[in-house]
């Protein structure tokens, strides 16, 4: 885990999968915290709660910028504190736009036009355009240096499955980063995963690490 | 099958899944041919071979326009004949752009910028733009009235699985049409499909019909 | 005036969820609508984090931390449901595949503008989640909210004062006092809660209401 | 001059496919490269129609009409392989996830322009398939083709005469006479097939070749 995470360097853009308590690579985040790079840009749906996950990176002063859609889950105190003191940059992106920008990066597209946020404050300063009389906002691809994701089972080729709603941003983030590291509950032999049920093909994943049980699985 | 296909009307845009021999809804195409609407626009990767599939629609004079990426499989004689006699419109789209335009329609996006075809004849007349110094072509969403797709197993909610590489354009087309009709080899009880292995969620599918064995399955 | 309580409001919306609908229920009061949809109606609930066929809360001890809804509550999956990633989930929302979304709101305008994600308080980090995607994407967008704020200020206005979630996106408003339809001519009263008059409801509304159809 | 036959050309490309690579092999001659990649190298083949881990042809009678490669030939899946749809498959291609693509070509220019999908014959419906997506997306694009046409005309030119598949996309050209690298200074000879001189190869090439590195 520690070795895998050592690829993250000061100033890197790091995507972190998960939604609420679901599908978060908590052990990789803890390994990242211990590794201790500075000036990170964190792209994730939420911003961690209490002292957990992304909140611990914010607490430890490792984060320069946060890009997310919903940083106000109950107990997101560290994001609030850093925001109020003005010590981080903060970019708010509607959830679907965030996911689609991540997918665009993974799929080699530069930008796209979405109707989401047209006519709202979140489209201010962005290019807009009418198609068939309807307003759309141009949004650009969002790339990362490293993606930290969580799967359920993984094999040595990097093929992954997920647990129920644990997919959320994980499959798209795997595509959008130069280096993707997946934390999984179980590592299986190559060929053991049903080829019809692989959700993230191994081509998108560089390193698969087994959860070490460092963190309470229900946290 | 005949009842399901009766929603297709003269002048409709019809997407048809499949790639080569793989994942083609041959029975739905045959039902469409017997139903006999005129002036159809057909969106599909290929254009049928011999007297089969889309070729039979071209032969019977039901097609006004073909949008595809690879109409020159060995034996695509009806497309060639209609093209040479100038009796159809023909739009050639790179395969990835075709798929992405279909996905964009299903995902509610109006357009996107792809590097594919930049600087080539297939980008002529299209808007282009540089992002980070690289050239991209703007491509717009491709919608349909009806999509005809083929799955392996389906249930009454419209959830679908596929057989091996039989997915190809089928999942995206299911999202991009007002009405999606899926031909499947087997209909199972709701709840019998593994929720982790459903490829096309039922929300994208309007009607699931069982193959009647009218067409040789290996055709 | 006669006011529906939360249950009454959720029950009223539930009446209008038809058989076979794909429905997204927003965080908070809208989530309760599912409790009152008649069991003989087959309704499939979507959760933005990647679920179709959301079922009730699990029995204590049966919670799966990965299996939550958009409000981060533990849920279950009904037979016939399935899982998918963010990209597919928001394709469903933005692409017009959901029949109905029910959202809460701070304010709604007479032209169907929705303000539900931010006040004018800039001291807190703003949060938007999937509300803007639902607003533009759902075929029918229903707002479920109290008619007025706690302080008695109208929430239904000629123009929203708070930042918009979407412009001209709301189809219908269900409040504790009335059901209103957004029409090209303005906000039309569809129903008044029994015992209330149009004049009474108009008096606590910040824009002109059109009388119910004759 | 000494010319490699098809097998010799495919063998030569195969030498340059490294262990662990994700590789897409184009229709026709490029497909044969897989036959000569050493068995101790773990190479994963991608097929645009939605396969990673493409294996050899099935035994007669074992064909699955849904399990074909981009050339519409029946194939098998190796353990560890998987299936996906067109959108994901072309995300892999366009998004820069494939290490190497090997394509055939009609013509290649000294600046790496590729012409592989259409001649100037307008009487036939043109076909492009996935070639343009591979051309822009693969990290390394190798062209495998004969050095000249059947009529002896050069296919390596200062500028392509046929419609382009992509501009400045080719990294390396493997022919029956030589291996050439596209560099900012022009086409550099990496290797000559044994027995041929630079002057001989230059004579059948439509653009200036840079001599091999000392």
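Order of writing sets the chain letters: A, B, C and D. Residues in each chain are counted from 1.
The working rule: a residue touches a chain if its C-beta (ideal position, glycine included) is under 8 Å from a C-beta of that chain, and two chains touch if they have at least 3 such contacts.
Computed from a prediction, not measured in an experiment: that's the story for all the values here.
Enquirer: Between A-C and A-D, flag the pair that has more C-beta pairs in contact.
Expert: A-C
Enquirer: Taking the mean of the CA coordinates per chain, how far is chain A from chain C in Å?
Expert: 28
Enquirer: Suppose each chain is reduced to the average of its Cα coordinates; what separation in Å results between chain A and chain D?
Expert: That pair's centroid distance is 35 Å.
Enquirer: Take the average of all CA coordinates in chain A, do the same for chain B, and state the distance between these two points in whole angstrom.
Expert: 33
Enquirer: Where the CA atoms of chain C average out and where those of chain D average out, how many Å apart are those spots?
Expert: 54
Enquirer: Give me the residues of chain A that touch two or more other chains.
Expert: 100, 103, 107-109, 114-115, 162, 164, 195-196, 199
Enquirer: Using the touch definition from the top, which residues of chain C touch two or more other chains?
Expert: Residue numbers touching two or more other chains: 77, 83-84, 87, 90, 93-94, 136-137.
Enquirer: So how do the chains connect up here, line, ring, star, complete, or something else (other)?
Expert: If you draw each chain as a dot and join those that touch, the picture is no line, ring, star or complete graph.
Enquirer: Pairwise, which chains touch?
Expert: Chain-chain contacts present: A-B, A-C, A-D, B-C, B-D.
Enquirer: Which residues, counting only chain B, touch chain A once they are in their complex?
Expert: 100, 104, 107-115, 129, 131-132, 134, 136, 140, 161-162, 164, 194-197, 199
Enquirer: Note which residues of chain B are touching chain C in the complex, please.
Expert: 103, 105-109, 155-157, 159, 175, 190-191, 193, 195-196, 198, 201-204
Enquirer: In their shared complex, at which residues does chain B touch chain D?
Expert: Residue positions touching the partner: 19-23, 45, 47, 69-73, 79-80, 83-84, 90, 92-97, 99-100, 103, 114-122, 135, 162-172, 199, 217-219.
Enquirer: What residues of chain C sit close enough to touch chain A in their complex?
Expert: Those in contact with chain A are residues 47-51, 63-68, 72, 77, 83-87, 89-90, 93-94, 118, 123-133, 135-137, 163-167.
Enquirer: Flag every residue of chain D that touches chain A in the complex, lowest number first.
Expert: 22, 44, 46, 52-53, 77, 79-84, 87-88, 90-98, 136-137
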